[in-house]
Amino acid sequence: MPERVITGVATLRQAGATQLSFYANQRYRQQLTQTQAGVVLLHEDMRSACPADAWVVANPYLTYARVAQLLHPEPSSAPGIHPTAVVAATAQLAADVCIGAGVVIGDAVRLDAGVVIGAGCVIEAGCSIGAGSRLAARVTLCRECVLGARVIIHPGAVIGADGFGFAPAEDGSWFKVPQLGRVCIGDDVEIGANTTIDRGALEDTLIGVGVKIDNQVQVAHNVRLGAHTAIAGCVGIAGSTTIGAHCTLAGGVVVLGHLALADHVHVRAMSVVTKSLTTPGIYASTLPAQEHRTWLRTSAHLHRLEHLVSRVAELEQRMTDLFVAVPQARCNHS
Amino acid sequence: MPERVITGVATLRQAGATQLSFYANQRYRQQLTQTQAGVVLLHEDMRSACPADAWVVANPYLTYARVAQLLHPEPSSAPGIHPTAVVAATAQLAADVCIGAGVVIGDAVRLDAGVVIGAGCVIEAGCSIGAGSRLAARVTLCRECVLGARVIIHPGAVIGADGFGFAPAEDGSWFKVPQLGRVCIGDDVEIGANTTIDRGALEDTLIGVGVKIDNQVQVAHNVRLGAHTAIAGCVGIAGSTTIGAHCTLAGGVVVLGHLALADHVHVRAMSVVTKSLTTPGIYASTLPAQEHRTWLRTSAHLHRLEHLVSRVAELEQRMTDLFVAVPQARCNHS
Amino acid sequence: MPERVITGVATLRQAGATQLSFYANQRYRQQLTQTQAGVVLLHEDMRSACPADAWVVANPYLTYARVAQLLHPEPSSAPGIHPTAVVAATAQLAADVCIGAGVVIGDAVRLDAGVVIGAGCVIEAGCSIGAGSRLAARVTLCRECVLGARVIIHPGAVIGADGFGFAPAEDGSWFKVPQLGRVCIGDDVEIGANTTIDRGALEDTLIGVGVKIDNQVQVAHNVRLGAHTAIAGCVGIAGSTTIGAHCTLAGGVVVLGHLALADHVHVRAMSVVTKSLTTPGIYASTLPAQEHRTWLRTSAHLHRLEHLVSRVAELEQRMTDLFVAVPQARCNHS
């Protein structure tokens, strides 16, 4: 008989004697010291602060994730096609796919083994989805999207809509540029709710293997995202920009178009990337909020910054003049 | 017979003799002086500027809203389940619910009295929706969401999708952290079109009573929003952040993760909250747009600000040296 | 027999002998010099740099768009109503409309000749859609929206949801203001995936002819957009703002409410427009990302900018005092 039975996972604050928790962020140190969890995953150097049984590992959050997946596996979906789904006769479906209510699947769509399509999804003609991929409810794949294996897409995401391409005409109107490329998504990609990834204008929009994209992200046409890059909520990436592998873009970042970012570039929240970044590293233009009246004064000074620079230059000139006029001042100045 | 019959509401600019209007924003003062409205709701101190019948109240906009609701009630929806809806046998539906075309309702869903579900909504297993709530068309509730009474959700909103939780693995890939919490939404909450609210990772994401959320807002996992807080369009709130009651976040604000904002905190448009805010008040880092060439110079000076600070320090040092060298200068300086 | 047969279009990099390409952005100059395209559209002054047959035109990108539309026309949709569509008996449909699977069309909706409604769209009561308009999959039109001819709307867009209008009540709660206006959209408008355009509170929200809106854009109630204005991804426009004709808003811009922007105003990425702009021109408050540690210092200096201004004023005062105390300094200073 085991000494301790763990039946689930919980936060340090809520875990009880039959639950496992983890410590991976120093903001929760106090919760660690008070936890009633049965077992806590933590790093060696926190062992002494833990009142519960400690499971010492090199990477507590990663081990936690693995344990949580074991204890709480994704609910399986019984194979079958819901009678209200509309599936084109030319679609090629593996025997064990699961297709939900109200799904619409177009001509020549191909679904590999174990694919799950949630209620209300629309998969347009010519799409192909690799084995084990799961689309949640109400996802749209426009024509000819190619998804790898084990891709997860959350509700409301739109993959493969036309890019924003218009040529300015002589009369000031905009002439639509046909969007002829596809969206190709690698294995093990996850895409958040209401995120949009546009099809390429000519070449394909490419999402590398293992890329993780949060909710409400906009990826424009011809963008290429390198493998294992992670993109937080509300990010916008403009057209024809290439982002390297293992990058992270924090919430609200905008990356302008036609740029190239190297591998291992990390951009902090609400920054704007206006130039290509060829060196790995952390980049930012985040402007932290402060008390409003203070900020109003700071902002006003900022808008007069050029004037301040002139005033400093004037002072420097006068100081130089002064040293000419009062020579003995010079000897005291290093 | 009444002296005046009012049949509807309109703006100061468009209202005619049978319509009621209101004055609540000084930007529209000129429109007030020229209005042809039958009656104008306004504050005492504007009575003399109004050429029409004035209805003097303490809070014209609030009274207007009440009158408008009386004159233009929400169109009622006849109870019934559309024949194309797919409702699980285990769902518990109050007798008078209204379920639109193409709706999909999962196992053990509970809908209380008077709930209206618009066309194309997907309500996954285990959700519960309180009395009088209305979901517009094409809303998604993922599994186990709990909604209070009189909640309104606009089209395209996605409630309860997986949070963005991934543990970095040794090989540079991301390992998915199961998202096991729920989304719990209080009474009288309204949620805008295409807004996303993620389920908790372990504990629940909590939306307090009376919270109002505009369109295209992203609320990440484990966030807690206090009662009567209002959030404008395009806001992003990162994971595990707690926001107090009666707060307002203006358009485009980003609040970083794991922070706590006090009650009555107000953040102005496009600001980034990077630290917890323990004091009620107004906060901002809004940077107003200016003429582009001027801004380019300002921005260049900003990026050289550290150099300017050095130049000022150098001037200060030289000035100090000078006072040592030219003693008589000192006496004139206060 | 023609000397050269062109069967399609491609990028300079990928085009072969039977494909046409174009050169319109100097970033791709090197690709031009190495292209294997059959024909390249370009401006006169680039003719000598082109190793392939050159087709010299005044506006290569516009001509390219026209050729691409000829070679790659939008796939036509066979007229007909899918048997799973739910169409109200009172809807008025032109004979040749195409209505996809699972579409829901409400009372008194009017669809003119050649309208195409993609799978899963919901068109609420009283909407009207002009000839030749195409809604992609899963678009929502709330009640009474009016669309002109040749409008294109991409998946997930929500047109006509309630605006964000609440009056603050005495007890700190928010009272809903009925949203009674409509959304009216001119001819030749294109609207991106998951974009939201709210109905007016009283007057209508108006989108002028030829306006192009990218993905994930939020247009609040009562906004008016002038003809041929183009709005890039992730922009937010707050309520009751009027934007002129032929404007462009780049990605991530926020425009505050109740403002007026003149015709031909152009706002650069991630800027915030806080005041009305009465003069055509380019405006910005874009803050380019830089190396993080450098930015941290810059940002810290910025937040102490008022203090720096005081230090400069102090230096100026001391300098003035000094000139009084050391008169001969004056003569050297211009």
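Miscellaneous remarks
Note that the chains take the letters A, B and C in the order they are written out, and that residue 1 is the start of every chain.
Note that a contact is a pair of C-beta atoms (placed from the backbone, for glycine too) under 8 Å apart; a residue touches a chain by one contact, two chains touch by 3 or more.
None of these values were measured; they are calculated from a predicted model.
Chain grouping by touching, computed with chain B excluded: one piece, all remaining chains connected. Different-residue interface: chain B and chain C share under half of the residue numbers found at their contact.
Chains compared, chain A against chain C: the Cα-based superposition rotates one onto the other by 120 degrees, nearest 5.
One finds 22 Å separating the Cα centroids of chain B and chain C. Residue positions 84, 102, 120, 138, 156, 194, 216, 234, 252, 286-288, 290, 302, 305, 308, 312, 315, 319, 322, 326 of chain A each touch two or more of the other chains. Across the complex, chain B is touched by residues 84, 86, 102, 104, 120, 122, 124, 138, 140, 142, 156, 158, 161-162, 164-170, 172-178, 180, 194, 196, 198, 202-203, 216, 218, 220, 234, 236, 238, 252, 254, 256, 258, 267-268, 271-275, 281-288, 290, 294, 297-298, 301-302, 305, 308, 311-312, 315, 317-319, 321-322, 324-326 of chain C.
Residue ranges of chain C in contact with chain A, taken from their complex: 9-11, 13-14, 25, 27, 59, 61-62, 64-66, 68-69, 72, 74, 82, 84, 100-102, 118-120, 136-138, 152, 154-156, 188, 190, 192-194, 210, 212, 214-216, 228, 230, 232-234, 245-246, 251-252, 269-270, 286-293, 295-296, 299, 302-303, 305-306, 308-309, 312, 315-316, 319, 322, 326, 328-329, 331-334.
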